[in-house]
Amino acid sequence: MLLDRLKAGGPAVARQGILIAFIIFMIAFTFMSDRFMTADNLMSVFRQSAIIGVMALGVTIVVIGGNLDLSVGSMLSFATVLVVDLHDKIGPELAIPAMLLATLCLGAVNGFLVGILRLNSLIVTLGMLSVIQGLVLIYSGGQNVDIADQQGTWFAVFGRGAVFGIATPIVIFGVMALFFHMIMTTTPFGRRVYAVGGNPTASTFSGIPRSRVVFATYLISALCVGVAAIMLGSRVMGSQNNVGQGYELQVLAAVILGGTSLLGGAGSVLRTVLGVLMLAFIQNGLILMGQPYYTQWLVTWAVIIIAVWLDVAAKRGRLLSPIA
Amino acid sequence: MTDALQREPAVPALRLAGIVKTFPGVRALDGVDFEVMPGEVHALLGENGAGKSTLMKVLAGMYQPDEGRIVIGGREVRMTTPLEAKQEGVVLIHQELSLVPEMSAAENIYLGELPRQSFGRVDWRRLYARSDAILERLRCKFRSDATVAQLSIANQQMVEIARALTVDARVVVFDEPTASLTDAEKVVLFDIIHDLKAQGVGIVYISHRMDEIFTLSDRITVLRDGQYRGTLETALTNEDEVTRLMIGRSLDLSRESTPVKAGETVLAVRNLTCEPYFEDVSFSVRAGEVVGFYGLVGAGRTAIAEALFGLRNCASGAILIDGKEVAIGSPEQAIALGISLVPENRKEQGLVLQMSCRDNMTLPQVQDLTAGPFVSSGAEIAIFDQYRDRLAIKTPSWRQPVGVLSGGNQQKIVIGKWLSMQPRVLIVDEPTRGIDVGSKSEIHTLLRELAAQGYAVIVISSEMPEILRVSDRIVAMYHGRITREFTAAEVTEDSLVQAISGIAAPAEA
Amino acid sequence: MTPPDTVKQNRPMQDDGPAAPPLPQGLAETLPVGVSKRVRPLLDNPVLRWFVHNPIWGFVLIVLVFFSLASDHFFDYRNVQNILVQTSTIGLIALGMTLVMINGNIDLSVGATLALAAAFAVDVQSWAVFASWGNWQILPAVCLALLAGITLGALNGFIVWKTGVDAFIVTLGAMLGIRGLVFVYTGEQSFYAMNFAYSDFSALSIGPLPVLALIFVLCTLAVHLLLARTVHGRNTYAVGGNREAAVNAGIRVGPHMMLNFMIIGFFAALSGVMLSTQMGAATPNLGRDYELWVITAVVLGGTKLTGGKGDIIGTLGGVLAIGILRNGMNLMQVPAFYVYVILGSILIAVLFLDKRFNRTADGGLRL
Amino acid sequence: DTVRIGITQNNVGIDSYQTTYEQAFIAAADANPDVEVIVLDAGGDVARQISQMQDLIQQQVDAIIVWPTDGQALVPAVRNAHREGIPVVVTNSNIAEAGMEFIAAFSGPNNIQQGIYSAEMMCDALDGEGEIVQITGMPGYTTAIERQQGFDDRLAEMCPDVVQLDIQPGDWNRERAQRTMETFLTRFDDIDGVYSGDDNMGVGALNAALAADRAEGMVFIGATNFAVGYDAMAQGEYWGSVYQSPVDDAEAALQTALDVLAGEDVPKLNYFDTPKITQENMDEFDRPVF
């Protein structure tokens, strides 16, 4: 049995339950649609998943630190509207840093409320989701924003350009994934995030400034949202006030699919990339097969449960939960 | 002891035969045989990680054995859940408390079998009446409607023990029940065990305290590395033989007080007050000495340690390091000042359970173990290896998540973590709770060695032999105040007991 | 070694019990150490103490006073009826959510379940089999809708039980999946009830109380009794407070949790039925985001997300707070954009106050 | 003396059309000293809209204007208002057939007609032959459903040789429409036309086609002409759309309500004109403000 093999292989292999599910899926889709396994399609899916992917990187780090961030969806709306609106007003070279600064401020508010005041992150970020959505609407007066000169601006490079023949969003996503993977696995900061998420009390007893670590995770998350907003704004060359609506749950689903534990203290940035790609490929594969969009939801349901099940089953070495 | 001639060829209350249990990477039990007669107290001994708790969890239906048979009252049984074990009359008093903190003591005692009325309602009157009766029997002073979270650890342990009295048990297992009990409660517990024994219940008793084993048990079975090592009649053996069976060598249990050349005063505390935990506390610790803090549970010793480590706001008083007054606002600052604290509760305060052994050990200093921006894995492993050898930590590799180690080995990881910081002041709070005799004496030796190397060491312990063994000076506390200070030379057991129970007049102005 | 006799002598001297003498007697149980001295005298008054322990009700009180001053329509008897009916939708689900969350689980799929149940309730009425039943055709429809809710709850619970996957993940999946089912079933269209008797039901009143509000009140009472008085209710706390302890004590945690998921499925469906009677119709997008509002209400009501703590009285306060705020802001015509900001900020503010007042007993440690 | 009119809108802020509608409505009400308005927004949630109807009935307003989040689900609420003697004017998208007897009037565009217009433009542009894809609005919402229905029916009837390859939602969201279109482009080698539920999504689809270098010769047709759509049309990249002014929409709704209150004989259905706009005739229209 597969499971016995997993068990015998020890922890290193056992942690890859999701990778196995992913590969099975890719193979299945390849057989079911001849368009699926083409360079064009793969590239297109990678590019599409870059925006959600970059956000998921930040949320992964927040979740490893033991918290949730549901405000990323409306924060994305905020950042995109801001950067697009400012683009025509003060030019892209100023719009980008101004937007990043404003977004980091929102992240700081999250970080302050959760990290320093120790309020429950689910409710805080849910509240912030609503507050930020309101702020966006007030800022834009509820109107869409657009970039007037869509052809001429170098801002287009982030969403539409390419670096060495690879679409810029893919490059940004890849670089950021590797960067944050390094941060989390090889630096003291990463270690501290894992510790704080795993056992906050013991972290304090070990001299780790827990509040600051949590604060920093929210800044990272906000930064990721900012980067995603640049790609989104540049790709669409405009923005609605609610572009990011619902992204928070897609991002969370990707993080979970990547095997990051919502309890904190465990998870991996690289595996979140896997989660993101898996969701994107499901969406893509089903549309290629001509399925109505809601089958995609049904399949996602099954995939999330089966994949996470495989993952936890592999870790505990048996398929069924020991709960009586 | 029961008269051997009169003993019928009775059916054992419990027989385990050839039990094998493996965890990923660990063979925790390797063909263990074990037998308890009705009315017998059978002690189970072994080093930390020998597999005692695992064996008992197999018995209680919490783990499924890979191989082996369980025979209860002459009938082979297969128990897949704790519920089934309970129905077979097996009660396990857990090593780690297994209570629901927000619920009342009574509900915890009858957890899983609350008395019912019509419509599935709880019969509160019956519940409280029965629980009060049991607590009465255990001579507990709190009422059964008290919330468990608000009870002291010792009383929580009594609630756990009370469960043994709720059912008609055939076999009761006590897994280190005395680790957090005071002597008074111990006496009650021993009475209860005698009662159960008289009723013909088979009793398994796990402890690292030899004195208890020898006062209570009829037979002793020793495990080592998951293997059965033999069974001894308690009356016909002695501590030395048992120890040798357990750890493969004898222990020198003599008092370790190489007289110290105490140096400069490193840490001084003046009139420190932190209500309601302690008041007006003054003492000092010099380099090269071990100061023991002794008192009853709740006397305020832990709170002092926490204050020194920057975890408590103190209303008044001063802390001086090297004669200079310092403000310690957080553990970070305390660490920077060279203070280390091995906390009392390793699971909650000491360890990140899902992290590897190595990562736990280097956690407080990971910021400094860097090569460029990266953590230097080599430096970390070097530290881990050093303290694994020094403390004889048993783990397959540094990658093992600390949560699956046995309790004693977990404790060693915490000690190693703080020793590796090379602190000037080392505070250890209940350092050997749940640690086997061999490691315990190693830790004692280690504490003495550290002092000899010039560390200032504070040991907080509720075990008198331990305090007497390692301390150069002993500070006795009662109700948040220091009642007396002794030097190793002048202290006697009687005077110490008096000082911690408020009988002797406080030695303060 | 200490001879037992010495210890026995000492026994009377020893302090036992919850409050060791250094802690001020009495206060130790009522309030954590972290509360500032200024607040303490207030706590001698039992009413004030109750509010400090249930800050959400204090908040409800403040909002009530505020809106009654700000709008003349607010305390109209009709408006109070409105608030009750409007609250019942989220309120019913919140009852189930309280159980599930005390269990240490969560259910994100309730909004979708609500939509599916509403679709069943409205669609089944018009099935040809029941054509001759007259108004009784509503009965099988409602039963089927409730059954669907219970089944979906059971499915969630069963998966949580057997796979051991966290309930957050299981129900996040179900949230998408069940919504998909709704679209499959409805073919993206809304259904409407041909029979106006169905929507007239929502307008019925018994005495001063609208039937819908009455159903909500009765359910609240029932769940309160279930939670506070029955073995199942107490086990709910046990499972959430320390799951391992509950398993060790022989509680069959799996079926237990599954039952609570079935209860929340039932309430989500009931809520869907009640909503569809108000609309006389069912739409596939019904109940979007409800899970978030329900969870918010329950948490505001003092239920811990990690389980083991909470009660129905608090939850009732939580749903009323949100219902009153919504209604009051409608009456005051707060511009749509500001409603988002205000609701969000209030959420965080209440959480903050709750934290101030109900700091849990971390023993005053600076962690 | 003044009349009090309550309005509950669908989802202000979700797109510029609705926002501009609200602004125009308030402006029109402010301009009239005899009108006091209570402006509410349902945020896209039917249940909330029903509560708001209840709240308005309870406040005894003189008339209610409602922009239904769902045409079916609002029937009982409208019936309640009717029973209480409060006239209801439905705006923008109509209520279901069963509710028609309870409303005073409907005022707004004809979404089905818009779908028909788009189908006709598509047929013309493709000369009655070709393969197209459709990107719809948010699934389950009336406007989306009606436009799709008008389009599908008319297309099948008028040019049966135009094949619809697939229909997927774009959720009124430009980025999502862009993503959907990208997948269409990988999936189908030949796409001759794209019909989008509004121009916002249409421009998203156009972006995708441009990026893939396949926009040349592809016919893009939308609805609700947005400024971006107008500009794209001016550049010759976008074929046509349906011109619909939120200002007209709002003013018509208010006026209808006032007429009803004044006791005038108002027809049940007051459609305001939403003409086709294409590259040829776009000079006749102002650039939309949203």
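Letters are used for the chains, namely A, B, C and D, taken in the order the chains are written, and counting of residues starts over at 1 for each.
Quick note on the criterion: contacts are C-beta pairs under 8 Å (C-beta built on N, C-alpha and C of every residue); 3 or more make two chains touch, one makes a residue touch a chain.
The chain lineup, named per UniProt: A, C = Monosaccharide ABC transporter membrane protein, CUT2 family; B = ABC-type ribose uptake system ATPase component RbsA.
This structure is a prediction, so every number in the text was calculated from the model and none was measured.
When the C-beta pairs in contact are tallied for A-D and for B-C, the bigger tally goes to B-C. Put simply, the chain farthest from subunit A by mean CA position is B. Inter-chain spacing, taken between the CA centroids of subunit A and subunit D, is 33 Å. One finds 40 Å separating the Cα centroids of subunit B and subunit C. The centroid of the Cα atoms in subunit A and the matching centroid in subunit B are 43 Å apart. Inter-chain spacing, taken between the CA centroids of subunit B and subunit D, is 71 Å. In subunit B, the residues touching two or more other chains are 81-83, 311, 330.
In subunit D, the residues that touch at least two other chains are 12-13, 22, 139. Within subunit C, contacts with two or more other chains are made by residues 183, 247, 252, 336-337, 339, 367.
Pairs of chains meeting the touch criterion are A-B, A-C, A-D, B-C, C-D. The touching residues of subunit C, counted against subunit D in their complex, run 73, 76, 78-79, 82, 85-86, 89, 183, 186, 188-192, 194, 196, 199, 202-203, 275, 278-289, 326-327, 330-331, 333, 335-337, 339. On the side of subunit A, the complex with subunit D involves touching residues 35, 38, 40-41, 44, 47-48, 51, 137, 141-144, 146, 160, 232, 235-238, 240-243, 284, 287-288, 290, 293-294. Residue ranges of subunit A in contact with subunit C, taken from their complex: 70, 113, 117-120, 122-124, 126-135, 137-138, 142, 200-201, 204, 210, 249, 252-253, 256, 261-263, 292, 294-298, 300-305, 308-309, 312-313, 316, 320-324. Against subunit A, in their complex, subunit D makes its touches with residues 12-16, 18-20, 22, 139, 166, 168-169, 172-175, 178-180, 182-187, 200, 203-204, 207, 211, 226-228, 290. Of all the residues in subunit D, the ones that touch subunit C in their complex are 9, 12-13, 22, 38-41, 43-48, 50-52, 54-55, 58-59, 69-77, 79-80, 96, 98, 138-141, 145.
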